[in-house]
Structures are given as structure tokens and as C-alpha cells.
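Here it is, the structure, as C-alpha cells.
When the chains are written out, they are named A, B, C and D in that same order, and each has its own residue count from 1.
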Amino acid sequence: MSPCVLTSSLAIGKAYDATVRWIAGRDPGAGEEVMPVVSECDDSGLNDVLSFPLADEDVAAALDGAVDGDVSEGCVGAGTGMQCFDLKGGIGTASRVLPAEDGAYTVGALVLTNFGSRPDLRIDGVRVGEQLTDLMPIDHHEGSCVVVVATDAPLLPHQLRRVAQRAGMGLARTGSTASNGSGEQMLAFSTANRISIKTADPVVDLRAVADARAGEPRLLGELFAATIEATEEAVVNALFAAETTVGRDGNTLYSMPPERVLPMMQRAGRLVPR
Amino acid sequence: MSPCVLTSSLAIGKAYDATVRWIAGRDPGAGEEVMPVVSECDDSGLNDVLSFPLADEDVAAALDGAVDGDVSEGCVGAGTGMQCFDLKGGIGTASRVLPAEDGAYTVGALVLTNFGSRPDLRIDGVRVGEQLTDLMPIDHHEGSCVVVVATDAPLLPHQLRRVAQRAGMGLARTGSTASNGSGEQMLAFSTANRISIKTADPVVDLRAVADARAGEPRLLGELFAATIEATEEAVVNALFAAETTVGRDGNTLYSMPPERVLPMMQRAGRLVPR
Amino acid sequence: MSPCVLTSSLAIGKAYDATVRWIAGRDPGAGEEVMPVVSECDDSGLNDVLSFPLADEDVAAALDGAVDGDVSEGCVGAGTGMQCFDLKGGIGTASRVLPAEDGAYTVGALVLTNFGSRPDLRIDGVRVGEQLTDLMPIDHHEGSCVVVVATDAPLLPHQLRRVAQRAGMGLARTGSTASNGSGEQMLAFSTANRISIKTADPVVDLRAVADARAGEPRLLGELFAATIEATEEAVVNALFAAETTVGRDGNTLYSMPPERVLPMMQRAGRLVPR
Amino acid sequence: MSPCVLTSSLAIGKAYDATVRWIAGRDPGAGEEVMPVVSECDDSGLNDVLSFPLADEDVAAALDGAVDGDVSEGCVGAGTGMQCFDLKGGIGTASRVLPAEDGAYTVGALVLTNFGSRPDLRIDGVRVGEQLTDLMPIDHHEGSCVVVVATDAPLLPHQLRRVAQRAGMGLARTGSTASNGSGEQMLAFSTANRISIKTADPVVDLRAVADARAGEPRLLGELFAATIEATEEAVVNALFAAETTVGRDGNTLYSMPPERVLPMMQRAGRLVPR
């Protein structure tokens, strides 16, 4: 099991190297077979990337701090300098749990947002972006989006590929157009079928499978729907969690103003007043 | 240039064969090199498919009738027996024209809908499906969706592949989850760069290209956005155009009731009252 | 379980339609869910394709005749009009059986050859084509190649995709360059993991898998090697089995002359004299 | 234009980071948009990878040394610790020039070999590996292979993808089976169509293309064949150039003995005696 690390575009080399050294430091025998997954978005709008601010210690601290429990959202880690529909974005996360009769599996999505043009922003279908014409950055930095989908459903590799594709459908619902320079990257993994790297890609005789879940035709479809929902919500959560950030050269990304957005949601019937 | 034909799943052989014969009948010399594109959705909920209702004459009539002008929508052609979010669907179409400064290119989408579960239906972001709990068919037939995207922008093959992928993002906005048994198929083609089959896949020295549009970084992104919008609208148009249809064994798909849907849109602020 | 049918390019519609009707005639209840796989190569060099020679009865006879036992090779079925390195080709087949300690699984490859330029032909690495400069057709018809790989190893979908890709490596060893107009199509399927279409794409908990073969790291690699070998041999078998054929307009494809080729093999040390 | 860097698996982070800093040091304004391509094979059989031997200075020296002229082969750079069919491998390179009437374009392939099982090795079709049963390493380390294909033919992105796939066919001819743990990576690029990153993925109206080469149906096929040939030869060149290497823990990979291999080639008729 190797870590999945998100960072700034020009820092992926450093992040990869620091992660490998961190693994090797903990388990000197395992190192050569553990290759981490490192992905990135370009935060050079706020981040003075050519000062190479990431240090080995930052990566080690992040890995040491990755423990069970709540996931921080907004301007944390790789999310510190990222945008979202020309507002401040960053890390967002959300999950869905299937009904008990479908195995009570969980699907969680974590997004690193760095995509979107303001007028396209929709929250739960409501055209929020069209109504937020101010709070714009000096420059629109077209970016990308990383989505990591995790599930405890015992999915096979070809099924995880299909799950990852559905994450893009969740982004579409928020207003993403997967624009030209935007490199959407989706990764999906299952925590159930942990296979030793020594036996990579095992051959399985399904006739010997006793699991009652096998052959449940509805299950995969429900996992797809859960993936789309969780991804959409994760983007929204990133927007609500992020805070106005001033970066290099005074460049500023403003946080989404909830006091203006929530009434929009309410007027559209998507928020019940308390 | 070969036709693109849509039909019922079990009829694709007949449709292909009839199309080839139709081509050969018109141009005896060209036939062997012209291979049509034939795609399908499964309309066996309404269609008595094992009676093999499609005849060569039906295909020839459709091809003869494919002339410039308005495109029929709803329960026409392959759309006759298809569903959409458990309502009657079929053929829908919509298009977008880019601004003059971006070449005034057109992007058109034609959909053959056969997908969707009622509660998931959104129209322009409004949760219409959740509010339409009646008018349900006896059985939910999970289907697929075909999207054909045409443009007069001179796109290259790898760019058309990207355009086709964006059509799926348009479906996502209507509520598609690309469910397990659903085989979404997207095809994108350009009417500009017509290349003889004799010179298939020409090698191009871009240094010799004089077109001012080349290198217009914004253009591809605008075509992506136009594709998503046109696809989303085409699905909605299919729903509005289709009529309640009684098929085999009395199976019925009801048309979407505009007198109930339009007020929903209005309440959500997505429709200006006249 | 649906048939896999190979035919001439312009006949795939007819072949598909006839196969569907054949299935429906045998099992009136099953028809609408069984979609055959039909593939093709272009044999218009010999075949007067615009006379549409294929009839429903031909397809039904082929399907009725598909019984256990030896597979016919050479100029049979779809192979009747196909070329191979500018010689007469057609259907070829070969198989490999893994050692008992690897499960004694079988991998079989069936090829429909229609590819290759004469000088590129190698048999078991020997440059046979360079030494066969005569027996050329009037025109070189660049074609394609279909490879169908079947195994009783219980492979999963993503593994079968990898197997199919290896078939192309077998073609490479015979001298294929996958040339520009050549549309190589590979299909791999397992006869072990038969899944009802009702439960398409089952979710499997590998922790519940009792099969001792699961996690055999060497197995997949051996299946890959077997696929490459069987595909390479199948092409050679097609060449040896095919007979000189005179087609439309007197066009002729000559059979490979074994009395000239075998000595070439012997001189290169690849054939032990009896 | 960004460098393409090859290294040892665990060193790709370091190599990436050092390359980015090297670029930034030369052109402070360009850095944030230039992302290098870094690829790797696992040389942990000879390389004490957990000592992290690669330093920033090594990468900078390699980049400074990348000048026009002959390319070093064998145990150089990333090739220092790599195997090839259980012999010492490493870097190999070869090229082909098309005839003048096809534009006199060049195709060059550079391989970083780390793949192959001894018995599978073929050189120009001759089963050399079967006859070299000694000189084996203590352990077979199944690896991978990186192939970088460069051409001055003005190929478009979708065509370069096809070229890259053909590189795998060249590997197949040397005896590669693309085994289970082997991650073959092919990259193809054109030096002709240099597009500014500011105008990424330009839209091109082929009607405006004046280049006489456009529409040359034979050209792409010839580039495919040249790619396969150059890749196959590059692997052989790596074998002939590499020298016996003793690595960590005394692990040894032996060089291929030309005094034994050349007579094999001669006996098979693939080498004319001087």
C-alpha cells in the first residue's frame, strides 16, 4: 500500500522523492517495490513556484499526519493555492454509504479543485456563478482537477476504471467543461481487495466465489451514482471551506461568500430555511 | 462520406446491410469503400424486436429523407421506442454557434435517448424528476444513449475524440449516471476537413498552415462548452417532443407533462413567465 | 453466450442480421438480450462484394456447423477471399497448453488474415518473404487482421484486454507493421467465468476466493507468451492451408509454395530434415 | 520544449525535481510552464536504490551534456543498471531515413531496455537466446522497457500515438512478451510541428494546408515500418554496447558475447562473413 500525494505542479518531483524516502525510512526492506502515486495541479497564480517552497519535511509531516479521522478541507496541503471557478478552492471531500441491502459500502471522493470559469458554477443545479460577477481574480488561471475516489466495495480493476470515469460526471454537474488546458485526473481504488505486489493481477475463478454480493446487478450502478454525487458535493465543500488567500505579487483569490450564495439556493428551492 | 444510422439494437445488422445496398445502388463504383456507421439502443420495452419489424425499404426511405433542413425530434426513427428517465424519449437535437470572433463555428448534437432513472432527471439544474413520481412504466428498462456531435470547425481526429467525451458531460447534467448496463456511445465529426479515403490520415506540416484560427487557444474550450450545452439541451428537447406511446403487450411510456414541468422550472427561477 | 462471426466487410450487416434471426429461431425467449460479435476484413480484391453474395442460409449453415472438433483452416468461410503478405491467406488457428503446475490452461488463437506486404513476411524469424519475389497479385490490397483468442483460464475483463493486446505482438513477429489502412481487431474471451447477462459485471470480493490459482504471479505472463506464440503460428497455418484462388475479374492470389519455403526454413536452421 | 529524462524507478522524483530546477536556472521566466517528461525502469537488481545515489548534479550534468551528435549506448545514464533478456542491457538507439520521394524523413528510436527472459531473445529472427543458456544472473528481475521515438515528419498527435504503439511491435520481434509485471512505455514526438504551449492543441483547417506531403497515403505506413525496425535494432544495439556489470551485493549481469552470437547469425544466413 503506497501513499497518494497531491501537490503543486512543479513540486511533484520533490513530493515523489520525499515520499519514497519517507517510506524507506519506515520500512527499509520494502522500499524498492513501493511506488507512490503523486499528482498535481498548477497553483502558480498564487504560489511563487520557482522559489521551490516544498521541503522534504513538509511531505514527511503530511504523511505522518495522515491518520484516520476527519479530513481537512479548503486551503490545506496542495489546496493552499488552488482556485475553483475563479474563487478560492482547494481540498474538498464527501462520501455516500449504500443501503444495508446493497452491502452498506462507502464511496468517498476527495477533490483537489483548480478548474472552472465563474459563470459556469452551479451548486446543486443552481446557477450561482452567474450571480457572482464580482470577487474576480486579476487573471483567470485555467487549471485542472484531481479526484481520488476510495471505496470499501471489493471492486476489480476494470470496475474501478469505470468508477473513476464517473467522477468526471460529478465535475460536469458543478459546471466543469473539462476545458482545453485542463487535465482532469481521476483515481479510484478499493480498500477491500488488497493484493500483494508479489501476486500482482491475480487470476480469479469466479465459479469459486462465495460472496453473496457477486452478481448483484444493481450494486455497480449504485456505486456509480454515489461516486457522481460525492464528487459533486466534494467540489462544493471545497468552495465553502476555502478562505480568501493572498499569494505572490498580491494576487488574490476570494472565498465564496456563503451569505450571498445560501439565499440563492433558498430562492431556487434547494435549501430549506431554518 | 458515409451515413450515420441509428436504430433498435437487434436491427443494426439489417440497418447496416440496407444502408450499404442503398449506397451501392446510388454509386455502383464507390460502394466497397464506404462503410456506414450504425449504432443502436435497446427499445425492447415497447418494440416487439423479435418480429424484426425493420425492412430495407424503411432504411432507404430514411436515407432518402435525410435532407437539409429541420431535424424531426421525439418519437421518430430510432427514437420511436426509446425511453428517457422512465418517460417517453427518443430523438433530440440542439446546437450552438460560437461568436464571430471565434470563427462563428456551429456545434450540433443529436441524441438518441434511452437512459436515466426518473428521480435523477434534472432540467437546467432543476430537480424535475423528484417531483414527477407518477407516470411510471411497468418496468424500468435501463438503456443507453447515443450522441452524435457535428461541427463545421476544422477539428483534427484527436480533438474530435475530446469533443465526443464532452458529450457525456452534457448527459451528466441531465441526471445520467452512465449506469452499469448503459452503453453510452458518442461520435463526433467535422464537416470541414473532408479527407478522401484514398489519403486516409494525412500527415500535415503545421508550419505551412495559413489559417488564422490555428493556434487560437480559446477555440477548443469554447467548442467543448458548446458540446456540453447542446447535448444537455438535446436531451430536454427529446423529452418535450416525445409523445405517450403504447407498445408491445400494452407497455406504455408516458410523455413528460409540460404543464407540470414548466411551473417547476418557473419556481426555481429558470423560466421567465410570459 | 453469443456467437462470434467473421465475414467480408460489406457483409457484416447481413451476417449480424442473419445471426440474430438464427438465435431467435432457436430460443425465442432469449433473443433480445443476445447480441453477437461480428467482425470483418475487406476481401474486395477477390470477392465481387457489390453482388452481395452472402445469404441468410450461408450464415445459418456456418452457425449450425460450428461444433466441437477440428477447426477448418485456409480458404474457408470469411477466409475465402482474404490475402496474407500478398499470398492467399484466410483462416488459421493454433493453440498452446500451459504446464500442469500452471493449471494446464489452454490458449487458442484464430486469425482471419488480410494483412502484410510480401517482403515483410517472416516464418519463425526466417525472412521467407524476401526470397519469394514472384507469385504476386496484380494489386496489393492492404487489409486488416482479426484475431480471436479463447482460453479456459478464468481471466477477468481487464486481463482479457491485456491478452488481446498481446495478439498484436504475435502478428508483429510474422512481419505485420499494422499499416495505415489496416484495422487490426483483437478479441479475447474466457470460457471459464461465464456470467449471466442479468448480473453483468459482478463485484467480487477476492478475499472470498478459494481458487489456488489466484495470486499465481507467473500465470498471466505465461498466458501472454502463449497468446503471442499461438497467434504467430495461426498466421503461418493460414498460409500453409490456403490454396491459390481466382476471384472476380480473374484476380488471383497464389498459395505459398511449401516446396520452396520449407528449404528456406531448413537452411536457416529452423526445420530439422526428416 | 521540455527534456525527456530516463532514470531508475525510485529516482524519478529526484530526476524530475532536478530537471525543473535546471530549467528554471536557465530561463527564470519560463519555468512554470515547462513540465519535463521523466520515465523509469527498475534497476534494483544491480542498483542499491535505497541509498538514493542520484544527485541534482548528476541530472544537471546529463542535461548539459545532451548536445547534438552521437548518442552513447549501453551502460550509460539510466542504462547503467538495466538488464535485457537476463544479459546486461541499457540504452540503445537506431534510426531509419525514408526515401527522398517520401520526404526523406528520419525516425529514431531510443530504448531503455529492462525486459525479456533469456530463451525468448531473437536477433533479426535468429533464436540466439535459446543457444545462450549460461551467463545467467542469480535472479531474473522482470522489468520494463521505455521507448522514445523521435521524428522530423510533421505528425499530428493522434498519429504520434499510433507511431508509439508500433514501437511495441519492434520489441515483440526481439522476443518481448510484455510480461505481467512489465510496464512498457512508449513516447513518440515530432520535432517538426513545434507548437507554443500558449496555443496548445491548435485547430487546423486542412483545406488551407499547402504541404505536398499532406495526403500521401503511403507515408504513415512507412513511418510505422521504420519505427518497428528502429526499435528492434535499438534493442540489439543496447545488447552489443553493454558491458558486464557487477552491482550491489556482487549481483552480476553479463554482456552478450559477440564471439558466440555472430556465428549464430551467420549460420542462420543473417550475417555475411567478411
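Here is the rule we use: a contact is a pair of C-beta atoms (placed from the backbone, for glycine too) under 8 Å apart; a residue touches a chain by one contact, two chains touch by 3 or more.
No experiment lies behind these values; they were computed from the predicted model shown.
Steps from subunit B to subunit D, taking the shortest chain of touch contacts, total 1. Here subunit B and subunit C face each other with the same set of residues for the most part; over half of the interface numbers are shared between them.
Separation between the centroids of subunit B and subunit C, computed from CA atoms only, is 34 Å.
For the pair subunit C and subunit D, the distance between mean C-alpha positions equals 31 Å. In subunit A, 180-181, 200-201, 217, 220 are the positions where the chain touches two or more neighbouring chains simultaneously. The touching residues of subunit A, counted against subunit B in their complex, run 120, 122, 124-127, 142, 165-166, 168-173, 176-181, 217-218, 220-221, 224-225, 228, 267-270.
The part of subunit B that touches subunit C in the complex is made up of residues 9-21, 24, 28, 31-32, 35, 38, 42, 44, 49-50, 52, 180-181, 200-201.
Touching subunit B in their complex are the following residues of subunit D: 153-159, 161, 192-193, 195-196, 198-211, 213-217, 219-220, 223.
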